[in-house]
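To start, the structure under review is shown below, and the notes come after it.
Per-chain numbering from 1; labels A, B, C and D assigned in written order.
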């Protein structure tokens, strides 16, 4: 799979099982699934809309994946993200990393999520009973991503 | 599911999908799957045998899960571990955590794995072409678990 | 010439998806174009957002990224995917 | 009386799954029992393993855990599950 941006729903369980893919060298698979919640910042959500920047999104995700593959001894890394209208409880994003030992898979999966949350051009618009509004970026996401900064890297 | 120790194989994808379980408050699910690898410390593995300490294993896992639930704002946490004979590429362990936001789910899933690796009574015996031998504990697992020590906690 | 796109909330608040600007030699980086747009006043103050992000030729980059005539720029709010 | 179990590699190297020991009043913690067993010499030196682990009455605990007559102890090597 590696990188996929799609409007069609997906099955996280099927994606998870596909990560091992019969590779006998894989000892550890860490996955993250993000779901549409019914409440966000006290507002009751009816539907979520995911806008993205076609072409640029895929490039940004490819770059994030490549950086993870370079930083940790991974066997593979996968990123799958929905766009368009999403219903409550639907999976929004699936990220999975595979490696021989668990340390690399855990760190890389969290790294990819932190970078995706701050560098990949996706925007959430929430529809509530009182209308729709754009979700505000969280400062905590910026801080989470900043943890991975190394002195020699000064990317934005 | 919460805690299960079983000799029967399991399907990680089905377990992952069951974690969300229609709970509209779940925003994040992090999972870990450990698989039987074909090579360990340069030896070619033919089969793996997992011994455990019946009753005590379940208690140890229940305690680890409870500590994770207490340390982080989790919605739920699940631990599933195989025992007995396992073939190459089979899943050995599945750990999953669910929460509103990803930070708690990531930290708790890694915590559970680190504690399981150092406190839950399971022992691996590898069968190779030249006979079988018990797997040695890794010092790196002890160090990984020690990261979670807090000054007021002095458990072994 | 320079193509500038606006995405998500910016597109909605500006009522503008993209525009073509006549190239100006004093534009050395993306922030100079942003200042030019803000100087129009009114709704364009949306680009004063301290958390603004941008891309040049289909790559997310910083406001200090150098640019040249013919480039395709995009301005967008802090991302909120995942 | 005290029941002592040996698990995994220890069970195999000792050729012993469990035994019943006559209670001794100088046993104040689990390590005292371990020292008693090591003092038998020969194969029992397996319990000198610096990474030995133990349980008391079905709970994993430290070698310093106090004990009393009737307890069920277990000695086992560093765990390697997961």
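The working rule: contacts are C-beta pairs under 8 Å (C-beta built on N, C-alpha and C of every residue); 3 or more make two chains touch, one makes a residue touch a chain.
Quick caveat: nothing in here was measured; it's all calculated off a predicted structure.
Tell me, which chains sit next to both subunit B and subunit C?
Common contact partners of subunit B and subunit C, which must touch each of the two, are A.
Find the chain most remote from subunit B, comparing centres computed as mean CA coordinates.
C
State, to the nearest whole Å, the distance from the C-alpha centre of subunit C to the C-alpha centre of subunit D.
Each chain reduced to its C-alpha mean, subunit C and subunit D end up 70 Å apart.
Could you grab the centroid distance between subunit A and subunit B? Build each centroid from C-alpha atoms only and quote it in angstrom.
One centre to the other, that is 23 Å.
Roughly how far is subunit A from subunit D, going centre to centre by Cα mean, in whole Å?
48
Would you please write down the residue numbers of subunit C that are in contact with two or more other chains?
Those would be 82.
Quick check: what residues of subunit A touch more than one other chain, meaning two or more?
Touching at least two other chains: 34, 102, 113.
Kindly provide every pair of chains that touch.
All touching pairs, sorted by chain label, are A-B, A-C, B-D.
Help me check something: in the complex, which residues belonging to subunit A touch subunit C?
Residue list for subunit A touching subunit C: 34, 50-53, 55-56, 59-60, 81, 92-93, 113, 116-125, 134-138, 156.
In the complex, go through subunit C and note every residue touching subunit A.
Within the complex, subunit C contacts subunit A at residues 7-9, 12, 51, 53, 55, 58-62, 74, 76-82.
Name, in rising order, each residue of subunit A that touches subunit B in their complex.
Answer in residue numbers: 11-17, 20, 22, 24-35, 37-39, 88-89, 100, 102-103, 105-106, 109-110, 113, 140, 144.
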